[in-house]
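Scroll down for the structure; my scribbles are underneath it.
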Amino acid sequence: SGKGGTGSRVLRVGWNAEPDSMNPITAFSTQGVEIFQLVYDKLLGYDRDLKVRPELAESYSYSDDNKTLSFVLRGNAKWQDGQALTPDDVVFTYKLIKDKQLGEYAQWLNHMTSVEVKDGKKVVLSFDEPQAFNPGLAIPILPKHIWASMSADEIQKFANEKPIGSGPYRFVEWKNGASLTLERNPDYWGPAPKAEKIVYTLYANEDIMAQALKSGDIDIVTEMSPTVWDGVKNDKDVKIAEMPSFSFHHIGFNVYADPKSKGNPLLRDKAVRQALAYSLDRQRLVQLALAGHGQAGDAIIPAGMKNWRLELPADRKIGADPGKAMAILDAAGYKDRNGDGVREDAKGKPLSFRLIATQTVAVDVRAAQLFKDAAEKIGVKLSLQTLDENTLGSTVYNEAPDWDIFVWGWDSNVPDPNYLLSVPITSQIGQNNDVFYSNPAYDALFDKQSITMDPMARKAITDEMQRIFYEDSAYIVMWYQNKLQAYRVDTWKNWKEIPGGIIYNVTRDNYLDAVPAH
Amino acid sequence: MLRLEMILKKLAQALLTLLAVATFNFALFRVLPGDPVKLLARSGHLSSEAIASMEKAFGLDKPLGTQFLLYLRNVCTGQLGISYTYRRAVADILRERIVNTLILLALATVIVVAVGVAAGVLAASRRGSKVDGALVVTSLVFWSLPTFWVGLVLVIVLGVYLGAFPISGMLSPGSIGGWGSLGDLARHIVLPTITLALVDMGQFVLITRSSLVDVLTEDYILTAKAKGLSRREVLWQHGVPNALLPVITTTALYVSLVVGGAIQVETVFSWPGMGRLMYDAVLRRDYPLLEASFLLSAAIVIFANFLSDIVYLLIDPRVREA
Amino acid sequence: MSPEPRPYSRRRESLSLLWSSPLGKTGLILLGIVLLVGIAGPLVFPFQPRTSADSAASVLSQPDRSHWLGTDELGRDVFRETLDGARVSLIVGVLATLISILIGSLIGLVAGYYQGALGSFLMRLTDFFLALPMLPLVIILAVIFGQSFAVIILVIGLTGWPSTARIARSQVISVRERRFIERVRSLGASDARIIRVHVLPNVVPLIVANTSLVIAGSILSEATLAFLGLGDPSRVSWGTMLHYAFEAGAAGRGAWWYLMPPGLGIVLVVLGFTLTGHTLDRILNPRLRDF
Amino acid sequence: MLLEMQDLCVRFASRAGDVQAVRGLSLSMAEGELLGLAGESGSGKTTAAMAIPRLLPRNATVAGGRILFDGEDLLAKGEPEMEALRWKAISVVFQGAMNALNPVQRVGSQIAEAILHHEAATGRDEARRRVEELFELVGIPAARSASYPHEFSGGMRQRAMIAMALACKPRLVIADEPITALDVMIQAQILNLIKRLCSELGLSMILISHDLSVIAETCDRVAIMYAGRLVETGGAREVFESPAHPYTAALLGAFPNVNKERVFVAGIPGNPPSLIEPPRGCGFYERCARRSPGCDEAEPASVDLGGGHVAACPLARGGSR
Amino acid sequence: MSDKLLEVRDLLVRYESRRGPFRKPSAVRAVDGLSFDLRRGEVLAVVGESGCGKTTLGKAITRLVGASGGSILFDGRDLLKVEGSELRRMCGCFQTIFQDPYESLDPRQSIFDIVAEPLLIHREASSEAELRARVHAALEAAGLHPAEEMARRYPHMLSGGQRQRVSIAAAMILEPELIVADEPVSMLDVSIRAEIIRLMLELRERNRLTYLFITHDLSLAWMIADRIMVLYLGKLVEIGGADEVIHGALHPYTQALVSVIPVPEARSRSGQILLKGETPSPIDVPPGCRFRARCWKCAELGGPAICAEREPEPLPAGEGRLVACHFAGTHL
């Protein structure tokens, strides 16, 4: 049994980063989202099979033109401070986000024209285009009585130190740098979960977290990196779980054609990008950087979203062929003219690029080092620099981007392709589009898929998009990292392993279904 | 009285240094590259109005001079701004964290000073003996150890293999906190304290030793011996009190070292203190947090120096004017 | 009693005293070994440089015939990395120290010799830097200026000078107050000459002894920075090795072969410099001399 | 006899070899006597004197001889016994009073410490009262007993040291160069004080000085040392009026005397011999103007000139200068 | 060429010091309006208690400290008005010999370097050979034989007496006219003193030197000086021929000093005049006669008002003598 002090009714989770904030509008860390999905309710949620299930809404329905979405709210929901939860709160939340363009959520409401209460129990959303993705799955509902009095400015600064939601757990305290505690919400509308408390403990180092799991200090961890995870797999009280995820890591090339770009223009040549893509053996990358815990990457929809993934035939795959890479470069006129081991273009400009990666993401740094070695073999010189996450972010997302190549990744908060596909669209330049990719054909297809309600038809479109983007090689998707988790078998049970992870996933149901092992 | 005047003078000096640190601090963070709002926009979904409103919210839209004055005023009133990452008052975050660091540092300092001074006295009083030699060598070895490495080794040996002590955090996950957790805290504090103490002990031993060796050759020690005092009495009544003066200065300098040690120890042991906060703030470019924690740690060091000056003034009648 | 006239060389005398003290000898031997390893090592043991293996099986693998100290989390040879790391640690230590010593000596010299407004300003400046918590400062500077090799050397060098300045200053003051300076001044010697001929030679030995300790400190600083993930990622140093080892969970997997070599490397080289510096200090600083 | 040194030998270990600082010194003094110990720097005065309360530095060894104090051999006593004797029976006024006082303690309490340490029955108030008495005795206002050493002038510190030396009413006071480095005027004051105290309190004192004039004016008896040996001893008047040893004579000749004719004084050319390998014969041989062959072969025997006047030179009987 | 090598007039030397941040700076009046002449070729001994300004006077003359008033005429030129390179050149004309032979030589220089340094500073040697020759000559002249070998030694290889000879050699090598000797033998053993002083006097004969000989030892001053000057708290008390000052002191302070000179013969300590109290601080010098508080004569006379009111000026009292006392010489 655990050493938790207050007995086995406490679920102890280990993680290696803290939420950035308790304000669901401004927070963007995954840790934050994990807490919000327990403290707040959304209208809809995903169950343990990643199927849509009701949450605050008992049911929902689309209009025939798919432009109107109505939710029927359950009547027994209450705010954790005792106030009743009404449709007004839902309308308030959606309006707030839409009107003030607040946070990540605003992207789901771009096409919303109105939101209103109907028949006392119903909330109706109207859009000017059909919506393939249901925003009810993403947006937490906030209490109007707390948030209504604040201006946009104030909301930006609001720490929300004691969040009040309507979810199964309520916030107790956050000991900065140490732990965050939730307790069971007695007024929760649904069946009471078994864990009376959930304590998230912060570990500065994953290895130490692994030790804590082994020694019984914690019951489950949110995520582990490959080599550390390998280190716990032989412990008899610990069960490891390896699941596909909704994320990928990639190498991005600065392909911005705008004169503002300060990136090396040679990278705008598709041949150079493709050659680099061919130089890299992604299988080996998975073996070395991930110690084998993942799948070699190709298109931008990760392995976790089985339904939406494009399966490329072997002969269309780019990679693991340095010979081909060199042939492409030779053909495109890049030769080592001065014998320094680095190829130059016709004007003598060397294929020498800057490569940046996040210093704290070990797998990225490892991949970058391996990429550097691989590129060297085909006569391309890369100089590696690691930056902290924020500097890297501000370097990449710059009006006048002054970089050549970076390494990082994308993670989708929903098992729907829309978000990831939206990254490289032209309108996302200045926002998510990290390589400044712009392809009108791709953009057109994106718009089309987002209003195509039929899954089969939509899949055809997304496949085509993936193919185009893959060929263009603005990204080298290195791998789809598996979600590596581990939990103790002697404290809690009934964990279900699902794509995206047991916990720390788009569903909260594993928390609600866990039961003590004894 | 002269003493009071001296104390005031020292105080003025300390305050001046603090002001200089604040200025330096401010300049360092404003003049150098990195646009915090762009950093916040990392996730990319902020409109330009949102960015403008954020700039306004964090006071980044004003000219530098105004920002500096505002900054000074706020520092004086304890308003250290709002953390970019946590979006909470920096002062609140610091308040939570500083206590944890102080607990750790206080314990380590007490141990270092007590054991270090005792060992130094022992070595000096047995100068040239085997004990002395062993103490000097041990101190030099300790002095050469990287703090984080000692931490790692302790984690592996005492934590992982022997399982003798918890290796992470201040309290066990899920413990309730409060007075009941004192035992838990005690178990958690062992390894970080040992790490900090081990590494910094060496210097103390060496300094106490050399200071006492110096003092023991002074004529007044011979006088004391001639008065018929026993070796022990000579040592403790005349030797140590005089030898401690330089040790006090060292203690103050040690505080500046130990702030660095805290960052490492807190990183290795996931200790939720200021050191790690500062390190995280660096990684996140959380300027207000970084500034404030840097200022705070500088203030601690300056205060320690000030304190040592005062103690010096109080116990050494010779110190007159600087 | 009357001393034999013999060629007088303090330098030679110090060296032989250094060698005759067990601590000093140990320090010199340690340094010799590390230097040898750092300079000759990569030439003598030409293992596949930085080569990575191909499968997950060769990641963090135990020492065996082909990898004497096993492999790291990318399947690279730890032995080879340790040899490379010695060089980086030494280079950073020495270059950063050079900067520190130059700045420190200059400031100390000027502050000690010109005790007027200039001197006291410089002393205030030194105290100010001493009052800054060093590691945080170094971290902040390293992060702000980026983590390249040159920046790390500069940052460590630029923050490491106050102790040297203090030592130099107090020695200059004590030399300055000696009668022979007054005698020489009464002969009409200029400040420049007094500093060059009389002050410097009497200050340099202490700075030299201090240098050894500053190098030890610089190497520790580099290791600490690198351990905290702020090292130059394209160069292997012992600190970066430990950083990646810690990140990769080497401790939990019991990969001692990955944790011990760089750690011991740091300890040995720092100990070498510390022992040498400590002994030199005792020899050259009569106040500390206790034999 | 209060004190008898018999054939005392003291060595210092040093890197160059053993320094034979005191070589076979025999000297005695009676109760109530003021004995002057003179000789040039390095002749072993301090070493000989510090051997009595056994306060020699760590690298010193007493290689032979006995020191009888009241008939008991001090060298045979255990450390605790010595501790009880120190200050109570034998006290010391050290050379540099500047450094002989603990800088962080009040002067008065340093004196009181000695009293309290040796006279357990004494209360603090009583001790304080006695300290004040002692201050008055040496001519410092009693109120100053609360001062720290650095608040005193050199002369006052020297007086305080003397007061401290008298605190436990010792039978023997060893004053090692108590007046060197002081101004003439203060020198005179302190010497007067010493003389007065000795006669008033019936103290015995060994006064060490390299200045013969000072000893001549103050002491009853003198002992002159050279290169670790006693070269001449006797009543002050006899020795200064008719020095029997060539060294004594030469030394006397090196001091100008304002009472006599204004002539240029003569020095003693050369340096004292090394004490690491001391000469077999007379230590002064090399510098002696009246040496004769054979003096360098064997130690000259002591010649008793009567009345306690003894000199270690074969020429002694031949008369004075 | 005038008979007077040096004429010091109303010389004033102050050391400014600040004793606290909130206090007014105060000045130590180390030399407080001093006038005297130094004749070519004479030895003038300066005596007085510790702190009376002897060293400061010497330093002021050699320009090691700046004077705050008065004038020092050297060969008719006011030293206080020469500056820069001019001054540096004049430094050759007056040299100092310091008290402590252990401290006044740079331990890292060889004897050769030490003695050669003045020549190098003043660029007086035209060749290596000349430099060598002159250094060796100076060493020989200072009694350091063999010069060749001595030149190679370092200070720590010499005895105290030998070191002082090195100082003298270094001082003499520029062939100065005036030597300020600040307690040149007080650190040496009595037995060696005579030799050093003899050397100095020999050199005077040979090189027509003038000495300002600073000492606190009155019998030494009496033995070697032509004239003696007694200072008290930075002011002249009495000046005159050596014998007259010692055996016919006129100022009560000099009389007291002379009465306590120890002599190497057993005698009773009667006839001593012991002064009471301490020398007042040179920061706040009392008005009137600065010696008044300790003056036995003043006490004897019942504290005449004039002593408290007027500062006595040095007045002639016979052949070449000056005494600064209202009651000089009255009933001893």
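All chains are identified by letter, namely A, B, C, D and E, in their written order; residue positions are counted from 1 within each chain.
Basically, a residue touches a chain if its C-beta (ideal position, glycine included) is under 8 Å from a C-beta of that chain, and two chains touch if they have at least 3 such contacts.
The structure presented is a predicted model; accordingly, all values stated were derived computationally and were not measured.
Student: With a step meaning a move to a chain it touches, how many steps does the shortest path from subunit B to subunit D take?
Tutor: Each step joins two touching chains, and the minimum needed here is 1.
Student: Strictly by the touch rule at the top, which chains does subunit C share as contacts with subunit D?
Tutor: Touching subunit C as well as subunit D, we find B, E.
Student: Mind naming the chain pair that shares the most C-beta pairs in contact?
Tutor: Looking at every pair of chains, the most contacts join A-B.
Student: If every chain is reduced to the average of its C-alpha atoms, which one ends up farthest from subunit E?
Tutor: Checked the centroid distances; the maximum from subunit E is A.
Student: In terms of CA centroid distance, which chain is the most far removed from subunit D?
Tutor: For subunit D, the chain whose C-alpha mean is farthest off is A.
Student: Rounded to a whole Å, what is the gap between the Cα centroids of subunit C and subunit E?
Tutor: Inter-chain centre distance comes to 50 Å.
Student: Taking each chain's centre as the mean of its CA atoms, how far is subunit A from subunit D in angstrom?
Tutor: 91
Student: Taking the mean of the CA coordinates per chain, how far is subunit A from subunit B in Å?
Tutor: Taking the average C-alpha coordinate of subunit A and of subunit B, the gap between them is 39 Å.
Student: Between subunit D and subunit E, tell me the centre distance in angstrom, where each centre is the average of that chain's C-alpha atoms.
Tutor: Centres of subunit D and subunit E (C-alpha means) sit 32 Å apart.
Student: Which subunit D residues reach two or more other chains?
Tutor: Touching at least two other chains: 271.
Student: Which subunit A residues sit where two or more other chains touch them?
Tutor: In subunit A, 205, 208, 211, 360, 388, 391 touch at least two other chains.
Student: Note the residues in subunit E that touch 2 or more other chains, in rising order.
Tutor: 159
Student: List the residues on subunit C that touch subunit E in their complex, please.
Tutor: Against subunit E, subunit C makes touches at 2-3, 5, 8, 10, 178-180, 182-190, 193, 197-198, 201-202.
Student: Which residues, counting only subunit A, touch subunit C once they are in their complex?
Tutor: On the subunit A side, the touching residues are 205-208, 210-211, 214, 225, 227-228, 230-232, 284, 287-289, 291-292, 357, 359-360, 362, 365-366, 368-370, 372-373, 383-388, 391.
Student: Can you list the residues on subunit A that touch subunit B in the complex?
Tutor: Residues in contact with subunit B: 2-6, 10, 12, 14, 20-21, 23, 26, 28, 101-104, 106-107, 152-153, 156-159, 161, 175-179, 197, 199, 201-205, 208-209, 211-212, 215, 217-218, 360, 388-391, 393-394, 397-398, 428, 430-432.
Student: Which part of subunit D faces subunit E closely enough to touch in the complex?
Tutor: 40-41, 153, 155, 183-185, 187-189, 191-192, 195, 210-214, 216-218, 236-237, 240-241, 250-252, 254-259, 262, 264-269, 271
Student: Considering the complex alone, what residue numbers of subunit B touch subunit D?
Tutor: Against subunit D, subunit B makes touches at 218-220, 222-230, 233, 237-238, 241-242, 315-318.
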